[in-house]
Amino acid sequence: MGSPELASLYQQVILEASKQKHGFGLRPEPHPSNHQLNPTCGDEITLQLVTDSSGEHVEKLAWEGQGCSISMASASLLTDLTAGLPVAELPERIGLFRELMQSKGAGVEDDEPLGDAAALEGVSRYIARVKCAMLAWTALEGAMMESAAK
Amino acid sequence: MTQNLPIDDAAAAVYAADFPALDQEVNGHRLAYLDSGATSQKPTAVLDAERDFYEHHNAAVHRGAHTLAALATERFEDARAKVAGFIGADIDEVVWTSGATEALNLIAYGISNASAGLGGESARRFAIGAGDVIVTTEGEHHANLIPWQELAARTGATLRVIPVLDDATLDMDAAAALITSEVKLLAFTHVSNVSAVINPVAELVALARAVGALVVLDACQSVPHMGVNVRELDVDFAAFSGHKMLGPTGIGVLYGRSELLNALPPFLTGGSMITTVTLEKAEYLPAPQRFEAGTQQVAQAIGLAAAIDYLDAVGLDRIHEREADLGARMYRGAAAIPGIRVLGPSDAALRSGVVALDVEGVHAHDVGQYLDDRGIAIRVGHHCAQPLHRRLGVTASTRISPYFYNTTAEIDAVIDALGEVRAYFGLTD
Amino acid sequence: MTQNLPIDDAAAAVYAADFPALDQEVNGHRLAYLDSGATSQKPTAVLDAERDFYEHHNAAVHRGAHTLAALATERFEDARAKVAGFIGADIDEVVWTSGATEALNLIAYGISNASAGLGGESARRFAIGAGDVIVTTEGEHHANLIPWQELAARTGATLRVIPVLDDATLDMDAAAALITSEVKLLAFTHVSNVSAVINPVAELVALARAVGALVVLDACQSVPHMGVNVRELDVDFAAFSGHKMLGPTGIGVLYGRSELLNALPPFLTGGSMITTVTLEKAEYLPAPQRFEAGTQQVAQAIGLAAAIDYLDAVGLDRIHEREADLGARMYRGAAAIPGIRVLGPSDAALRSGVVALDVEGVHAHDVGQYLDDRGIAIRVGHHCAQPLHRRLGVTASTRISPYFYNTTAEIDAVIDALGEVRAYFGLTD
Amino acid sequence: MGSPELASLYQQVILEASKQKHGFGLRPEPHPSNHQLNPTCGDEITLQLVTDSSGEHVEKLAWEGQGCSISMASASLLTDLTAGLPVAELPERIGLFRELMQSKGAGVEDDEPLGDAAALEGVSRYIARVKCAMLAWTALEGAMMESAAK
């Protein structure tokens, strides 16, 4: 059996999200996208930023990839969080999530804006896993940069 | 414990007491360090040797003439003699490097320099170009693959790769077919850091000799774990790292046959490797000095010599035997768990003590986390062998790599945890 | 002692007490270690930091996911941040090497690889060949001369050398004439390890910038002894060694401007520097990882960070000031002895604390022996700067190189001994 | 003033030999010869083996070079020692001298065959200087090899 710390890392919501993989499956048509890879383990993700016709709101993220439960859960929870959000709000959420991940177990003052993704807080106690949790979020940043470059 | 008796758990515990890092708690459990394939822990004797050097003899080597400098030089060269004796080489056949990776790159760049016309007449034998072939294998660590890819790219030579079979042993039929008269160099690992495969050195050397190719042996996973005699293995070059054999970080060894080392052009250039330097040109010292530009890893060389003393006192044959036992126990235990696939051959005679495995449905990172939660340190990932993992159909694996200081209780703790891990992550079958 | 007061003999003695190697007798005298230009001694804090790492955190870095591996990685990267802060660089602009010599070779081979077409589009800016020119100076250590000779030989480029004047300062008129539009790279030392000359960095950088040449600074003799800010100096690359600045052997640093490091092709290849490896080809990580193939000098990096903490606590400005005093005292004392010629400029503002000299009629080896007999450790020979010695008309010189832990009494002991040495060897005038 | 150890290194016979440099000056006509260099300090020596017409006896060594008092004295004393000796006896003397130099102050059982060159015994206590003392002797070995190769 695992320790309480391990249980707080692998919360039910995380294990479920890692299996459900909301947003899994890339769109055939082109969207701003980005590929990220964790060189230690070879885990990777390709993520598309699908917006509504105005380009101002996220319709839904679409992604494919393979990796550990943390990276898969994180991509799934990121997809849930961002659906319908104004694109302009993404940088702040990503920044907050990065802060949470780098908090070494201390958490952030207000993790409400992260929704269920706040459940990933436990990851911040395991430096080696922060990269896993950040993979999808970094890919979203990349996709936004591509979109801005156009 | 007697040198003649096999290492048992009691003996292992006595050895472990010499290693301060093994005596700590991780996540509330006593650390079970089973990642020695990545880097070994260090006994107090090695730490003391380094410190003693710094506290009493530290000075520039091969440069100074004052008392400390002379003492430092003597200890540094004694360390070289120790390494040479350990692998059955002559003293001037041992070149210090920062690690095995640098040692392998040294050969590749030496050949590159010869191919660019440097090194004079005697270096010509190393020159390669379009039409020439370098051969390596699918089972290599990146350190014994990428330098050859780059060498091929720099010189126009072609790289051929001997494939492995499903059990990760080399396809020796393919090897025989690939090692043709165009082949100038064959590089392969003695023991795989993933599949545990012990390669058939004699057969591979015979294939290379038949076509006049040079043989480079990656001995990173053999020298720390079994008696290795480079002369008996009849290889031209061999590379290994100190940190995997109880020594400090930052020190490695290139063995090269004397005649070859003295013909190979230098790699790094700078101080202490020349005879005469003018503004136009430098003349180089004989090997090994010609490859040791700049201030060397002096304290680390002396630490490595102390590590060899320790290994010699334990006995390489006993270490090899003990690890085979631990590896076999791990193999049996893991293979018996539903949903676990052990990589590499099942024949124990073909295996080192390392066991890498795939847990169906659970990513290696998650397996590693589960074990770490119990204080078990093992490695997850591709272990710097992506092509091999790709060939075996996994992205990342979980690797247990024991050393002589590990106990069967630690192996059993891994087996227990592996037996639970799929259930923990919600998989049942 | 207060951080604000200059270092006096009392303060120096307090510092010296932190260095175990300084507290010993040599040939019946207390050791006077005046060979810090070759390698410095190490304070207990540095030895403790290394040992603490080995005893508590030792594990593979950037590879493992278990607790120890994560801790080791964190400490290793903290050390990089420490070095970056020390020289005013960004974290990803600091590359670990085995020493300054390897750092300089890294640049030379990176350019070589770019010139061979490796590294893709972004590496093209580094490619050189026939018609291109590399410039270095006559006052260089071999580590900053031979790599460029070899690079020129590999690529077909031409090497030009800025001559020095009789006082070993650079001939800046010649520099202006030699740094023409064909020049792609200018490499020079910040401070000479022989003549003590502090080169005019700003002027040389301006000459290089005017023709778009890259600037490589050999900072081996400056970073340990004075505050160095690579951004303010505006150089593209800089190299220095840990062992000359209280750190362990086997660790060095390459600083490179981020944009350049990320465009330069890799040098050593192997594990931990790639993203994806197939049997045909490898994709490389961004800097600094792309230059850090294989297991790194982890304990040594951590030791170097502790050395920087020590230097910071003493204060680089105070160190610089103190050494200037000791150097001036040495210079005056030696210059006043009949038959002794001090190399380098007489203007103290142009000099570091190092003093190299020639004793007329007595070979440097014999001078060194005479001093060693009194427990004085200084260096004799060409100090890896043969062309400079040739230019100054001596084969070998006697070099006194103090650090902040030396006292004026030690300097005076050298002066006394130098005053006797010619008579001892039967010379009178 | 130097210590007694230093005095035993720099004995009068050595200091004098280093100044007198017996055998200094190369012959214009060709003889088997060899060049040796001490890379640390740049010291060097070029030595010719001049034999009688039969080629069986050393007539005299001839050499040029520059270096510390030990290397110069050693060349001078080697010249004295070998004048008139059978060439066949040289390897044994050189071997004995090498043994003396590597003795770390212990000396050899019988140093009589080395004549005045035995005064260099003190060098063996200073490892860094052994190379200086060996320079001429190694050059003589080299010259003999060249002569044998013909």
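Should a chain be cited, it is by its letter among A, B, C and D, assigned in written order, with residues numbered from 1 in that chain.
Convention: a residue touches a chain if its C-beta (ideal position, glycine included) is under 8 Å from a C-beta of that chain, and two chains touch if they have at least 3 such contacts.
Remember, predicted model here, so these are calculated numbers, not experimental data.
Colleague: Would you mind naming the chains that touch subunit A and likewise touch subunit B?
Modeller: For subunit A paired with subunit B, the chains in contact with each are C, in label order.
Colleague: With respect to inter-chain C-beta contacts, which pair, A-C or C-D, contains the greater number?
Modeller: Pair with the higher count of C-beta contacts: C-D.
Colleague: So what's the Cα centroid distance for subunit B and subunit D, whole Å?
Modeller: Result: the chain centres lie 45 Å from each other.
Colleague: Counting only Cα atoms for the centres, state how far subunit C is from subunit D in Å.
Modeller: Here the centre of subunit D sits 38 Å away from the centre of subunit C.
Colleague: Starting from the mean Cα coordinates of subunit A and subunit D, work out the distance between those two points in Å.
Modeller: Once rounded, the distance between the two centres reads 77 Å.
Colleague: Indicate the residues of subunit B shared as contacts by at least two other chains.
Modeller: 27, 63-66, 69, 272, 274, 276, 365, 369, 380-381, 386
Colleague: Among the residues of subunit D, which are close enough to touch at least two other chains?
Modeller: Subunit D, residues with two or more chain partners: 40, 42, 126, 129.
Colleague: Can you check the complex and tell me which residues of subunit C touch subunit A?
Modeller: 62-66, 69-70, 73-74, 272, 274-276, 285
Colleague: So in the complex, the part of subunit C that touches subunit D is made up of which residues?
Modeller: Residue list for subunit C touching subunit D: 27-28, 362-366, 369-370, 373, 380-382, 386, 389, 395-396, 420, 424-426.
Colleague: For a test of understanding, state which residues of subunit D touch subunit C in their complex under the given definition.
Modeller: Listed in rising order, the residues are 1-3, 5-6, 9-10, 15, 19, 40-43, 66-70, 126, 129, 132.
Colleague: If we count contacts the way the header does, which residues on subunit A are in touch with subunit C in the complex?
Modeller: For subunit A paired with subunit C, touching residues are 37, 39-40, 42, 126-129.
Colleague: Mind pulling up the subunit C residues that touch subunit B in the complex?
Modeller: Listed in rising order, the residues are 20-21, 24, 26-27, 31, 33, 35, 38-39, 41-42, 47, 50-51, 54-60, 63-69, 98-102, 104-105, 109, 113, 116-118, 138, 141-147, 149-150, 153-154, 159, 161, 241, 243, 248-251, 266-272, 274, 276-282, 293-300, 365, 368-369, 371-372, 376-381, 383-384, 386-387, 390.
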